[in-house]
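Both of the next two complexes hold chain A, though its partner changes from chain B to chain C.
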Partner chain A sequence: MQMNRRQFFKVCSAGLGGSSIAMMGFSPNAALAEVRTFKLARATETRNICPYCSVSCGVLIYSTGDKSKNSQSEIIHIEGDPDNPVNRGTLCPKGAGLRDMVQSANRLKWPEVREPGSKEWKRISWNEAIERIAAHMKADRDKNFQAQNKDGVTINRWPTIGALVSSAASNEAGYLTVKTLRALGVTQLDTQARI
Partner chain B sequence: MALQSLDIKQRSATTTPSPQARQTIEIAKLIDVSACIGCKACQVACMEWNDVRDEVGNCHGVYDNPMDLTEKSWTVMRFSEIEEQGKLEWLIRKDGCMHCADPGCLKACPAPGAIIQYANGIVDFHQENCIGCGYCVSGCPFNVPRISKTDSKAYKCTLCSDRVAVNQAPACAKACPTGAIQFGSKEDMKDYAAKRITDLKERGYEKAGLYDPAGVGGTHVMYVLHHADKPDLYSGLPVNPSISPLVALWKGATKPLATLALAGVALGSLFHYVMKGPNEVSKEIEKEIEKEDAQ
Partner chain C sequence: MTNHWVDIKNADLVFVMGGNPAEAHPCGFKWAIEAKKTRKAKLVVVDPRFNRTAAVADYYAPIRPGTDIAFFGGIINYLLSNDKIQHEYVKHYTNAAFLIDDGFKFQDGLFSGYDEAKRSYAKDTWKYQIGSDGYAKVDETLQDPRCVFQLMKQHYSRYAPETVQKICGTPKDAFLKVCEYIASTSAPNRTMSYLYALGLTEHSVGSQNIRCMAMIQLLLGNMGMAGGGINALRGHANVQGITDMCAYSQNLPGYLSAPNEGDKDRATYLEKRTPKALRPGQMNFPQNFPKWFTSLCKAWYGNAATKENDFAFDWLPKLGGATDTLAMFHAMFEGKLNGFICQGFNPLASVPNKKKVGDALAKLKYLVVIDPLATDTSEFWKPHGEFNEVDPTKIDTEVFRLPANLFAEHAGTFTNSGRVVQWRWKSADGPGESKEDAEILAALFLKLKAMYAKDGGALPEPILNLTWAYTQPAKPSPEELLREINGKALTDLIDPKDPTKVLFKAGEQLPSFGFLRDDGSTACGNWIYCGTWSQAGNNTAKRDNSDPSGLGQTLNWGYAWPVNRRILYNRASADLAGKPWDPQRTVMKWLGDKWGGNDIPDMAPTAKPEDYVMPFIMTPEGVGRLFSREIMADGPMPEHYEPFESPLDVNPMHPNNPKAKSNPAARVYKSDMEAFGTAKDFPYVATTYRLTEHFHYWTKQSQINAIMQPEQFVEIGEELAKEKGIKAGDKIKVRSNRGFIKGVAVVTKRIKSLEIDGKKVHTVGIPIHYGFKGATKPGFLTNTLTPFVGDANVHTPEYKAFLINIEKV
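Let's turn to the complex of A and B:
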């Protein structure tokens, strides 16, 4: 920058004046400081259960909007439910990061099938999926069901299938699951619900 | 009526005092290192609440992840394996801002209102006023603030000032599944710590104690340590933290002296002008000088 002697003095005195004024407290910033606004103030709070393990911690899901007709909700925050006797508001690292699981781009949102010999996963409807599973189960059961063992004792066993059951199911759901599977003759039945 | 949800105790680079009449409770977070299992729920809860997501890192062969505090990881677990009295011990310390009563970052900060200390003890950064000079980093005795490479602003733990302002515990304290992070008034936290220390002493940790260093006027994040006589065992927790003497020299002596010198120069120039008047230069000489300048 080219500057002659007179301009140099002008700049210096302007700088001196400016910093003196600032130093005397005439700072251009307003003397206010506000914390970040509490982001859950009017968010919709929904109680739920963490889907990961069988501890089944209670969570509070906070979403935008008030569920009115024209407002689309989006989950903005998830934290522990202090009223749930299991965890009393606490969460493990997986539960604490639940929002990123719900909103993960890798999350499976619909049934998919990879048919024999195919490399591709194909999206199918829930009805198709349930029918397909039922048809496979029926075919396998018709083929392998053992009504009696070699001594002629009735066992009604379906030994070629196993079931893994949800870890977060309630007692009632667990009871119904076991009843249904036992009625079909399933003996290999497991769940993580034992922590 | 206050114009903010939390009363302000002091403000960086500001000489006008804040209103001091109201007395609100002093809060504190107590980290019981002996109860921590290193699950990192606090790290996740912190990111989740504060809407920051750090880069997915790499495994460095240790449990530390990320390896250091960043502008997006405001708290990290530091794992250290040590041998004390022939016994292997795994010490896990949750590192982050200590919210000093005498904050070195605030003392060093030259930007008005970029660092605020609230009456409840929280030291908070206001990024909109931050000029990214990094003085807070050198002023901090615990090496906590981090400057973002994307927006050149300093970031660190806020002790969830937005939650505390509406009487909620910080996100990390709420999430902690073992109760290793407690939150409450500073007094209650000291009482709770005393109970924990008695318990630890009964279990053979004779040097168990509270880490609330006097060198920075006490902190609003305190630790219960099994080896309070050797805080440096816990991934280099400073034994006697204090604000760097350079900060005190700069803000304590140099700044007022410089102000005085500045005022002296201004006053002197004024007197010179009044007494002697402007320096007259004839048109010919001026033209000659400008000609020389142009060359």
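Let's turn to the complex of A and C:
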């Protein structure tokens, strides 16, 4: 019989509930109160990878909701993916705490700015954040861009900006970051590979 | 990794030096345990601390931090003087037989060509003798005094076991025991898997540390073999992938050396990067560089990249001067940067000398932090008691903090340390208004593009013409991006052997970089990832974990670069005739008409063994390098130099040459040189390390991890504790010449004092994970202490060996 992990949980919990209720003399059909099923049986299972070390362990993420439009998912459990040939379902003390990372009290929820000399953060909209940052960048680029060096070689470089690129981002986001930074003329960029 | 995680189970010996996988990479380390259980493999650990990897090892030897090259040099000397090398392998698959230029010398700790004022070498003598046929000269008898084998033998004859003991503090008998274990894998059918991490890289000689082990593995014939290889246990889950995308200055995606000020046009640029074979008949695979580079230009600039405009070569910014993290923060410190973007990175915590980094950030006009979490860096301007003493009213940096998503909240690929690219699926939206990194970058870029389109400005062309054919321009999908990275045909590709045959129609995804062209008819964002998304679909999402060979290759799980190859240089797993050195662990063999086995051949599929095409196809000589020519900044053969902060007054290898005390080619800024401490004021060696419950400066934000390891501690040996009157649980202050931190004393038997050159040296271990933001107890950033100096080649900071003093608070 072919069944996926989620179906397996469903069958197990139904079996357990059914048999114990029957033992107490109830007919399963007449039971109004169902024995509590595994929470994960109703959860949506998604395959992902632990973001910490480069063993890159496969993980199964369980979330509420069925991913339909307008349904808000919440991650309720994360465990090792037994199919993954490297970690085979195991997680270390770092990976075992992943749910608390996703739900960290220090997650950022909206754009903020700390004005020059200020002692505090101020919430701003995405629109304002992007507009203000882009204005800074364009003004600086237009002012300091170097088209040629003193020998007349075309260098097209923006020397007054630097960037650090995340190694916790996906390859796709990393590639896009590199592509856009180079297009702007950024040569001072680096990543955690060095640090 | 040249091999991969599961392959560690195929080893006869697992050697760990410069890593602690039992704690830092536990789920990968279980493959070392598997090797012990099923193959009766031995595990040998060399480390300053008797860590938990050592605790399950068959043999452990201590070492003073920062002296690995002396230890490795001793191993090389042992292997050569006891004839414990894989002879056929060394003769044919390495450059042992190659003759070196007569001008090359090593004297008094310096190689030929040293320029003290520039702290660098002119490397014109670090090269092969070239014959009249244009190829490198060789002596297959290995007897010529100028051949690599003889030069290497002479160079390392100076590293006798007594010398190793004197420098490293490793007792001679313990050192020799380690040598015996390692030498046992010189048998053609025995292999050693070598595992290392930051314990090897975070030194001013980090790159040369790794070179040593590469040389040892070549001498033993362990490269290309199942259960062999040089296996870097890397940091983040996608640090390999981001390295492959080359999010650093020197390279463009796929390790294509980025243009610099010396490259006036495309022709000059390509000429310098397209090598000619150094031996007859070799594959010299980098000869394809123009195809990879042109395809990248087409991926980025599409129809705007034409033959006439050099495929938009001028639009690529040209490098000038150093641009690594240390160089950037130094430039920032000097007020030369106005803006900084910090994506998923916490440099205030992770860059050396926190005071300097904080002062540097305060000189910026604007800082943009893109992160899922409130990092220490984002609040460098905010007072956090004694952990961050600053006056915000005096800091004029405008700081933006943009909420990004975490791994669970976006799809796309991560590449593990074994080069396996694996697709991940999104589970839930991030909190509040947080967005995916790609979406944030797109918003910023599209805004700038609109401004340049409307108002013009400095060189708008590369911005306006950058390809952006994403279905939702503001939200490029990971699927679209991976297809772009993989590459496709832009016109119908005609078979060069049969003009009537169309190999690929315009628009089709390509299955391998073998089809890329340099005439603008193909586009590819990263040539080594070509094959990840072919016409067959997303190969990184494959989830068939079957393992018919039993070697753990799982060729249908994800997609390994390059071309799904799991073990690099696997042609070297077979002898000259193509017969596996160990038929029990066949990776590759000659089948009579082609190469085959349990992996994708790292060789032209039909190159006959008698054609003598050697296995190291990415080198123009076709062989592995025991002598690295002019490629390294600090010498073609590794030499021991002391850390920049050393407990010794001189380098015991060169006691009379102060220029050769520490790496003579490492870059040191004047103000940082002045901030080095001496053993007089700071008598103890410090080494930073990681705990199994924490990951860098990240998990301190997760409650459960904070509960498991809540507070900064400092690990000291019993002897030192007694000398200083410190008891376990006491609060102690640790000072370097750059600042201080405080932590709880943990007194252990794990770090012993060592006798170095007649002097007793104590080592102190300092975990790194704490800071003033997070769920852990607020604490100091460990990098308050560390020196602002790095490796001579790649500038990885020297976090593993520096000087401190300690006192009871």
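As a working rule, the second predicted complex is superposed on the first by the 114 of 195 C-alpha atoms of A that agree within 3 Å, B and C clash if a C-alpha of one lies under 4 Å from a C-alpha of the other, contacts with A are read in each partner's own complex, and residues count from 1 in each chain.
Basically, a contact is a pair of C-beta atoms (placed from the backbone, for glycine too) under 8 Å apart; a residue touches a chain by one contact, two chains touch by 3 or more.
Everything quoted here is computed from the prediction, not taken from an experiment.
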First (chain B), second (chain C), both or neither touched by A:93: both
Chain B versus chain C as contact partner of A:36, first or second or both or neither: first
Touched partner set for A:157, first chain B, second chain C, both or neither: second
Which of chain B and chain C A:77 touches, first, second, both or neither: first
Common ground on chain A, meaning residues reached by chain C in one complex and by chain B in the other: 78, 80, 87, 90-97, 100
Partner chain B, residues of chain A touching it in the complex: 2, 4-5, 13, 16-17, 19-20, 23, 25, 27, 29, 31-39, 77-80, 87, 89-97, 99-100
Contacting residues of chain A [partner chain C, same complex]: 44, 46-58, 61, 63, 65, 72-75, 78, 80, 83-87, 90-98, 100-102, 104-119, 121, 126, 129-134, 136-138, 140-142, 144-145, 147, 149, 151, 153-195
In the complex, chain B residues that touch chain A: 3-6, 8, 11, 14-16, 39-41, 43-45, 47-49, 53, 112-113, 116, 118, 124, 126, 129, 158, 161-163, 165-166, 168, 171, 174-177, 179, 259, 262-263, 265-266, 269, 289-290, 293
